[in-house]
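Here chain A shows up in two complexes: once beside chain B, once beside chain C.
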Partner chain A sequence: MLADLAGVVFNGLFSAMVVFIFASGLTLLFGVLRILNFSQGGFFAVGAYLAFSLTRLLGPALPLWRFLAIAVVAGVVVGALGIVTERLVLRRLRQVDGAYSLIATYALLLLVEGIVKLIWGVDVRSMEPPAELSGVWQVGDVFMPTYALFILAAGLALFVALEWLLHHSRLGKLMQSVATDPWMASVLGVDVARMQTWIVVGGFFLAGIAGGLLVPNQALSPSLAGTFVIQAFGALIVGGMGSVRGTFMAAILLCVADSLASTYLPGVPGVFFYITMAALLLLRPQGLMRGAQL
Partner chain B sequence: MLEVGPLDAFYGDSHVVQSASLHVAAGEGVALLGRNGAGKTTLLKSIMNAGPTVRGPVRCDGAELGAMPADRRARLGFALVPEDRRIYPHLTVQENLAMGRHGARPGVPPRSTDEVVEMFPLLKQLQARRGFELSGGQQQMLAIARAVVARPRLLLLDEPTEGLAPVIVEQLVAQIQAIQAGETLALLVAEQSIWFARACTSRLYLLDSGRVVFGGTWAAFDADPGLKRYLAL
Partner chain C sequence: MAAGIARREVMVSAAAAALAGVAGRSTGARAQQKPIRLGLITPLSGPQEIVGRDHLAGATIAVNQINQAGGVLGRTLELETRDDKASPAAGVAASKDLVSSGVNLLFGVLSSGVALAIAPTLKGDDAVLILCAASANELTHEQFTPNLFRASDEAYMRQRALAKVVAKDYAAINSWTAINPQTAIGASNWDSFVDGLNQFYPQEAGHNVEVIDALTVKYGATDYKNEIAQLMRRSAEGLYLGVYGGDAVTMLRQAAPYGLARKFKVLVDPGSEYIVAQTLGKSTPVGLWAGIHWYFGAYRGNAINDALYDAYVKSTGNPFPAGYVGEGHAGVLAYAAAIQRAGSTETGAVIGALEGMSFASCKGKRTFRKEDHQAICDVNMVQFAPDDTAAGWKIVGYRVVDGAESIEPPSPGKALVLNTKRQ
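Entry: the complex of A and B
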């Protein structure tokens, strides 16, 4: 029973890190630029497909370092797409009402999904994790896939890195200043437009690298991002709209609750994510970290 | 150093500043007086190109700035201290001062925190405080201190004495005079407090309903009692 519980919590934490890795770029974009980027899921899929194709291209063996390098390449390519997207779309959304940017980024999602279909087709594909991550660890009676452990570590590392970047580095202080008062930042001599472009690049890089890291053990299809997007938006909202710390905690709370409920109430799988979300929003309508910076 | 106009500035459809012209020489102090809503703030923001839609020339050392954005004007040597101070609440005093370095002109190293704190001793004890923990007077000091970090050539002050205790206002005058004694810093101050404006400047412009209705020395202003009507509530 106890081992069961540990396994269930482990599964919850794994889902939480998947959601957090996906939602990190979303959080950055919303936290700094106040853009709710629906198309994040499409660019995540681009990253995943790129990683899939690169892996195929480079031959059957997939050592861990190559898997990581491919994820970074996917991140860089999607980051570069971020520059284009910022110039063509996001920059024009700065002065308009949030509803318009939702519609525009949703349209962008459809466009990107269409392009993915044109390039990679509609067949469902799949890819194995690298050999080093294919095993299973056993601690007591709990079985933990190495790949899940890796994602857990990657999510935690990403969280620590973003927290440090945003709260302890000079760049982070600058990003927070641009987020809280872009007008004053520009009056003080900060090139706010360039800063905003780089933040978009960062958010898109995170989407691409998430695609590369999360592609193994997924059914790779053009609408891959669908489920992630909803859960990631849930974590973003419960976390307090744009706080990395909040998104991280919300992802854990929601996914662990969902994992527990799905195990002990197997009649209604997948519903408890949303029930927990509704409950947390009733308790804290402002989100977990409202008022905190990023 | 600064030549403006004739300049028109708009917020949407409202024509806030109407063919205003003014100039400020290098190192000179000039006051901009007028009632609330006369267009002083809009005029200062227009010079910085930070907000209003601007039509008409703003020249720096004879060069038309055109559509140059605010951040580049800052790096040209313009510094604006807005009426609402806009201290970053989540940053410490030190970090707020560090933000001022972004406006440094090429080849001109900005002032160090120590140097600035020396100029504004009130800030010395407050360096680790966050913006939201400061009183109004402390915020105003910090806003001006942050503006001079980059060694600007033109300081645009919007209502710096608003809400300040008289003793703080006196300190502010002394600090501004000390900076001007040290280096060539031109000053354009929008004010309601005639006393403060007079202490920091040698000339003034009167603004009424978006138009410049008088420009001249304080002596000329005093000689024409009729001008006071532009300031009366």
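Entry: the complex of A and C
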């Protein structure tokens, strides 16, 4: 029973890191620019498909270093797409109501889904993890796939990196100033427009690298774009709308609760994520980390 | 009567090689008549688009073949296609749109939910629908409507045929379990399979089989690790993999480190056709069985099969046409034969012609039962294994089960009673 519980919590933590890795870019964009970027899933899918194609292109062997390098390349390419998106779409949404940005980015999601379909087709595809991440550690009755351990470490590393960047670096302080009061930041000499562009690039880079890292975990199909969007928005909302720390904590709470429920209340799979979300919002309507910066 | 059926079969079978049998008017006469419009309803966007494209490919090939052979009643066939998005609301809208455009002969429909939504509207719209994949048992039972026919296998017939094959080929197995999506069709498929296990294990293997309750997962789930861990701890020897298509790929990919495929002596995937093997390649579980609407390799020498296969490969370059290609093709052939038989395209006349009609298709003869409009047809299964080719997989076996051996007696209007008793 205890082993069951440990395994279930481990699996919940793995899901939480998947959701957090996906949601980190979303949180960054909302935290600074106040844009609910529904198209994040589309760019996540682009990153995943790019990683899939690059892996195929470079041959059957996939050592860990190449897997990581490909994920970074996918992140850089999607980050570059972020510049285009920022110029053509997001920049125009800064002065309008949030509902408009939601609709516009949803349209962008559909557009990206269509482009993915045009380039990669509608066939289901899949990719193996590198050999180093294909095994499993068994501790007692608890199975811990090495790929899941890797994703746990990656999620934790991403959280620590974002925390350091946002709270302990000069760049982070500038980002916080732009998020808090762009006008005042510009008066004090911050190039706000340029900073906002780089934040979009960062958010898109995170979407791309998430696609590259998570591609061995999911079947690839044009519907991949919508796969994690709802869960990521759930973590974003429960976390306090734009707080990296809040999103991280919310992802853990929601996914571990869902994991426990899927095992001990198996009749209603997937529902408990939303029940927990509703319960947390009833308890803390302002979100877990309201008031915290990013 | 048998001779009459044979004649019609010969006519349509001949049409398969060049589909000349249903023709019979000169080109000049045809030019003066409007084409016969057939309405294909299938998902052409969304997650099931890949299946809709297969339906469309098969239907298009059939229409081209028949038209090249002279058409039906001297008229050419014309395809009107609508996207149902695998959504009941969009399906009803597609059906209504076709009817309002003057198309009364509808076919296709992948999703049982879509079929269940369209079915009650058919009578009022004076239209007829031939299902070419939707498999819910209810459609020919409690939701029966005289305007609905099903040319493809139903859940009960297919799942019990699968159970019959495993009871015979894996007689030493004593227990089964499953992982199923939380959908109506997922539960219905599994219950039908259990019904088959309960009947065929005693018959074929000489012993009862233990059935361990199925695990249920959300349709479209992204993580299966908890369920995989539970399956690893189960004593069952056979696994029924009810999760479908991309979900099955995700689940098996996540299960690979656990050695799930090695733990079970046999894995049965009731409906993913080639998707799992084509996607997983060298990671395809050894000996995985998959249900398929039509396996071309089982019907070599059948003129319709060979003509369809050649046309499909020529147009796509893909040597593995999905079973849905065969179903789209069969839908058109069914209408061609029915219109020929009725001498009319009027709804009532076509329904009358379809009832009890046999027609030849890419997987042999199909016969619409007069009582519940369900076609008795072959059920196909293929078995996969990884290999060293570029594709990474190969077909290592197949089975063809006569649907008559696994279908229930007709009982339109009444719910199907299944024997799901756990032994």
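Note that the second predicted complex is superposed on the first by the 294 of 294 C-alpha atoms of A that agree within 3 Å, B and C clash if a C-alpha of one lies under 4 Å from a C-alpha of the other, contacts with A are read in each partner's own complex, and residues count from 1 in each chain.
Here is the rule we go by: a residue touches a chain if its C-beta (ideal position, glycine included) is under 8 Å from a C-beta of that chain, and two chains touch if they have at least 3 such contacts.
Predicted model only: the values in this text are computed from it and were never measured.
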If touched residues of chain A are counted for chain B and for chain C, the larger one: C
Partner chain in contact with A:S53 - chain B first, chain C second, else both or neither: neither
Which of chain B and chain C A:S177 touches, first, second, both or neither: first
First, second, both or neither for A:T197, with chain B first and chain C second: neither
Partner chain in contact with A:S186 - chain B first, chain C second, else both or neither: first
First (chain B), second (chain C), both or neither touched by A:F143: second
Chain C-contacting residues of chain A that also contact chain B: none
Complex interface listing, chain A residues touching chain B: 170, 173-174, 176-177, 180-181, 183-193, 293
Chain B residues within the chain A interface of the complex: 48, 50-51, 69-72, 74-75, 80, 82, 86, 88-91, 95, 98-100, 102-104, 146, 150
Chain A residues within the chain C interface of the complex: 7-8, 11, 14-15, 18, 117, 122-126, 128, 134-136, 141, 143, 145-148, 216-219, 221-223, 227-228, 231, 259, 262-263, 266-267, 269-270
Residues of chain C defined as touching chain A within the complex: 46-47, 49-50, 53, 182, 215-218, 220-223, 225-230, 232-233, 245-247, 249-250, 253-254, 256-259, 275, 278-280, 283
